[in-house]
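Structures incoming, each one as structure tokens.
Next come two complexes built around subunit A: one with subunit B, the other with subunit C.
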Partner chain A sequence: MKYLAALAGLAGFILLPHFIGEYYVEIMILFMINLILASSFRLITTVGDWSLSHIVFMGVGAYTTALLAKYLGWPFWGTVLIGGMASAAVGLAVVFPLLRTKGFGFFIGSFALGEFIRLIWVKFHFPFGGPRGMIGIPSIELGDIDFYEATPYYYLVFIFTVLCQVVLYRIDLSRTGRVLKAIYADEDLSKCIGINVARYRAMAFSVSAFFAGIAGVLLAHRLGAIDPKNFDVNTMVYLVIWVVVGGVGTFWGPIIGVAIMMVIGEAARPLAEWRPLLFGGILIVFLTLLPGGLENLILRFKEMLEKLRSAGESQPAE
Partner chain B sequence: MAILEVRNLSKRFGGLMAVQGLVLDVEEGEIRGVIGPNGAGKTTFFNVVSGVYKATSGTITFDGTRTSNLSPDKIAALGVVRTFQRVALFPNFTVLENVNMGRHLHARESLFAAVFGGQRQKESENLQKSRDIVDFLGMAAHRDELASNLPYGLQRTLNVAIALATEPRLLMLDEPVAGMNPTETQEMTRIIRRIRDELGITVMLVEHDMRTVMNLCDKITVIDFGEKLAEGLPHEIQSNKEVIEAYLGAEDIVA
Partner chain C sequence: MDWPTFIQSISNAVILGSIYATVAVGLALAFGVMQMANFAHGEFFMAGAYVVYVFYAIGGMPFPAAVLSAFPIVAALGIVTERFIFRPTRGNVLAGFMATAGVAFVLQVIVGQVWGVGLMRSVPTPYMGAAEILGAKVSWQRLLILPATVTMVGGLWFFLHKVRLGKGLRACAQDVEAASLQGININKMTALSMAISGGFAGIAGALMAPINAVTPYMGHSIIVTAFIVVIVGGMASIEGSILAAFILGFIHTFVTTIFDAVLATMVGVAFMAVILVVKPSGLLGRARV
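Right after this comes the complex of A and B.
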């Protein structure tokens, strides 16, 4: 049943570009890139750390691929891996001082360090292009396929999204994933049964930066141009809204969050400059009234249904 | 040679000396009781030995290795594992998952294995060990229950199970029967004795329940105001004047 649903979902994604206009194919490309971003962000939150720098690691991947492709002419297949690894490496450097902090301190500290990286892009005109960023990032070539077109790019991003999600899902279910949740549940107990908490926090942060980096590579080659503003705190707030709306308790929460919020975002286009107000309102509603996000709501709904069903089943016996 | 050697151990919180100049030897295979009035510094002592707090001064040596400057996970890896005075478990995990988390030191899963699942053999061994421990503690019927749904007494038992899963050489229990009813207390007492007798694990326990302490312990150390007040066999402690005075009005020490 589960496999069938997954299969149907995959088939839907594969067929989709043939039924929707190019504009929506572009939206779907962004949607899938955002999925990688949100699911990798969740990995950090499972250990209890909330980072405000995740979007910056998307930038590290984007700048890395832009530099390698533009100046060195590297092919996408090389830069995508290097982009992810560069991001993971910077993540490791950033998380090191952050490990001394927790909760709000981590939140603010990660913001400061992320801004520091962004400042490097702003200040160094060579090679990062300063505030105006980098333009003319080559599109991807592979044999006869022109990835400048939306549909081929859609499939490329689709493959990467599936790969990233599968890996993140496997980590979530693995013992390593459970160790992260154990640390979140009780750090002192975790330490006292031999878990190296700092090591696992650093690992979660770095691995999640790796995937953010890959998302950045995919974004850079689609946009063709990037600048430091793409990766600023405004964009980060959207990411936070997605995962707050979806919830981080299960693997599916952030995915639901991205889907719902992108639909709302598109529907609310006519609101123009009032849109941020709407998003802010949604964030506040979820933080105050629906902590745990939509996934929590769905879980509670399921529980209710099950109760109703078992109540219905026990009735004939009377 | 003692398996645990504590020398002139002190822990200060601001102006308060919670542990002061403590000297203590625990022999391999013994069950040691640590008692004292509320606020005497017993839990603080456990926190320092397990590495949760850094000692202000003094040294701790476990089986010849200086542990007083190590982090809790390193100390646990050496075989010194403690439980907490509070209920400390992973509420969203089942009983078996909780105990299996205690197998962390015997799992050592790499990131690669996490993604590609390369350690199935080892993991099924760990699960088997965890099941054995659940059975050993008489919790088989609750194996797949969520830890948060367990009654209090079983949660306390699960705390011990998690610690036991690490395969410690020295198990430190902070008030293992606190809040338990008489039946549960008896059962836990029996378990602790079996941990030492059948598994050969050295046990050090803090406990206010004097009947349990006197029943179980080979030797007892009494702490008051962070300092060692007395040490000796249960019957010696029971008839020690200073000890009785320290406890006067607080509890009836004659079990």
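Right after this comes the complex of A and C.
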């Protein structure tokens, strides 16, 4: 049943571009890139660290591929891995000092270091293009396929999204994933049973930066132009909104969050400049009234249904 | 750097440090009393500037009266934020912090839609001319910030140490449970601290209105600096945040004068990162963040 649903979902995604307009194909490309971003963000939160620099690691991947493709003419197939690895390496350098902090300190410290990296892009006109960023990032080529078109790019991003999600899902279920959750549940106890807490925290941060970097590479080649504003704290707050709305308790939370918020974002397009108010309001409502996000709501709803069902079953017996 | 530039930079740094101090003291107070980390503090600053814009530049009210009225108006914003954001998220610093990011969005949109986004609102300078200090020229408008800061910080010190209500605030900051056992109403104290915190940000914004460009997004740059200041000073320490405000004021002014503004911000965030790693409790703080 589960596999059937998954297969149907995959088939739906594969067939989708043939039924919707080009505009919506573009939206779906962004949606899938955001999925990689949100799911990788969840990986850090499973260990209990909330980062405010995740979007900057997307930028590291984007700038890496832009530099390599533009100045050295490297093909996408090489830069996508290098972009991810560059992001993971920067992530390791950033998280190293942050390991001394926790909770709010980690959040604000990651912001400071992320902002430092972002300001490097703003400061140096060569090679990063300064505040106006980089333009003319070449589109991807493979044989006869022109990835400048939306539909081929859709399939490319689709393959990467599936790969990333599967890897992230496997990590979540693996021993490593359980160790991360153990650290979140009780850090001191984890230390007592011989878990190297610092090492696992660093690893979670770096691995999630790797995936954010890949999302950045995919974004850079689609947009063709990037600038430091793409990766500032304002954009980061939107990522936080997706994750808060969905919840981070399960693997599916952030996915639900991105899906719902992108639908709301599209539906609210006529609101124009009032949109941030809507998003701010949603963020407030979820944090103050619905902690745990939609996934928590769904779980509670399921529990309620089961209670009702068991109550219904037990009644005739009496 | 020649002598007049040097003197000029020093006076600029002191003024900048004073503004940072007024903003950061409120942030530190709210964090000290009940771990309330207010991301919308910069928007409170912006709201203060708009009070002056509306009352003084449009309404024709005298400048000092407009500045003073920023205090109760923004203090009210602080109370509302405490009641509807910080109280439901109490015990979870991150949730409160992220929810106030939502408040920042809301305030930006409302102010932007009511008074317009694009063009900056110009607030005419009420006090023309400049004072000459050792060859450096400081406009009266900027110089005014110095006594205002001293009065406010002094007033806050007096309130916290000599007034019963203020002592209650400090008791709360030391130990919430013990304070409530003494019959101190915790909810009242958190609301009070957010009122003072908001009022201070409002006055700072009001004083800067004729100097800064008044836009709905002006709070953004100030909040980054303000958090750097309180982290460096020690999140809950008022003395620490004042010290850090002047350190950051000097760093920012001198790096900007010698190099450029982007590098100044980079040095600021790097300084904060170093403090977080070397002394996570901040310069004068006791507890870790």
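Going forward, the second predicted complex is superposed on the first by the 318 of 318 C-alpha atoms of A that agree within 3 Å, B and C clash if a C-alpha of one lies under 4 Å from a C-alpha of the other, contacts with A are read in each partner's own complex, and residues count from 1 in each chain.
Criterion: a contact is a pair of C-beta atoms (placed from the backbone, for glycine too) under 8 Å apart; a residue touches a chain by one contact, two chains touch by 3 or more.
As the structure is a computational prediction, the values presented were derived from the model and not from experiment.
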Check your understanding: Superposed on subunit A, are subunit B and subunit C clashing or fitting side by side?
Key -> fit
Revision key, fill the gap. Subunit A contact check, subunit B vs subunit C, more residues touched by chain C
Check your understanding: Looking at the overlay, does A:Trp50 come into contact with subunit B only (first), subunit C only (second), both, or neither?
Key -> second
Point to revise | Once both complexes are placed on the shared chain, angle at subunit A toward subunit B and subunit C, C-alpha, multiple of 10 degrees | key: 80
Review point. So, does A:Glu26 touch the first partner subunit B, the second partner subunit C, both, or neither?
Key: neither
Review point. Does subunit B (first) or subunit C (second) touch A:Cys192, or do both, or does neither?
Key: first
Exercise for review: Check the residue A:Glu273 against both partner chains and state whether it touches subunit B (first), subunit C (second), both, or neither.
Suggested key: second
Practice item. Go through the superposed model and pick first if A:Val122 touches only subunit B, second if only subunit C, both, or neither. Key: second
Exercise for review: Considering only touches as defined above, state whether A:Ala182 meets subunit B (first), subunit C (second), both or neither.
Suggested key: first
Check your understanding: In whole Å, how close do subunit B and subunit C get at the C-alpha level once superposed?
Key -> 12
Point to revise | Footprint overlap on subunit A, where subunit B in one structure and subunit C in the other make contact | key: none
Revision key, fill the gap. The answer for subunit B against subunit A in the complex is residues 50-52, 71-73, 76-77, 81-82, 84, 88-93, 97, 101-102, 104-105, 107, 109, 111, 113-117, 123, 162-163, 165-166
Revision key, fill the gap. The residues of subunit C that touch subunit A in their complex are 35, 37, 84-85, 88-89, 92-99, 101-106, 108-110, 112-113, 117, 224, 227-228, 231, 235, 260, 262-263, 265-266, 269-270, 272-273, 276-277, 280, 288-289
Review point. Tell me, which parts of subunit A touch subunit B in their complex?
Key: 167, 170-171, 174-179, 181-182, 185-186, 188-189, 191-197, 203, 207
**Study point:** subunit A - residues contacting subunit C, complex
**Key:** 50, 97-98, 100-105, 107-109, 111-113, 115-116, 119-120, 122-123, 233, 237, 240-241, 244, 273-274, 276-277, 279-284, 287-289, 291
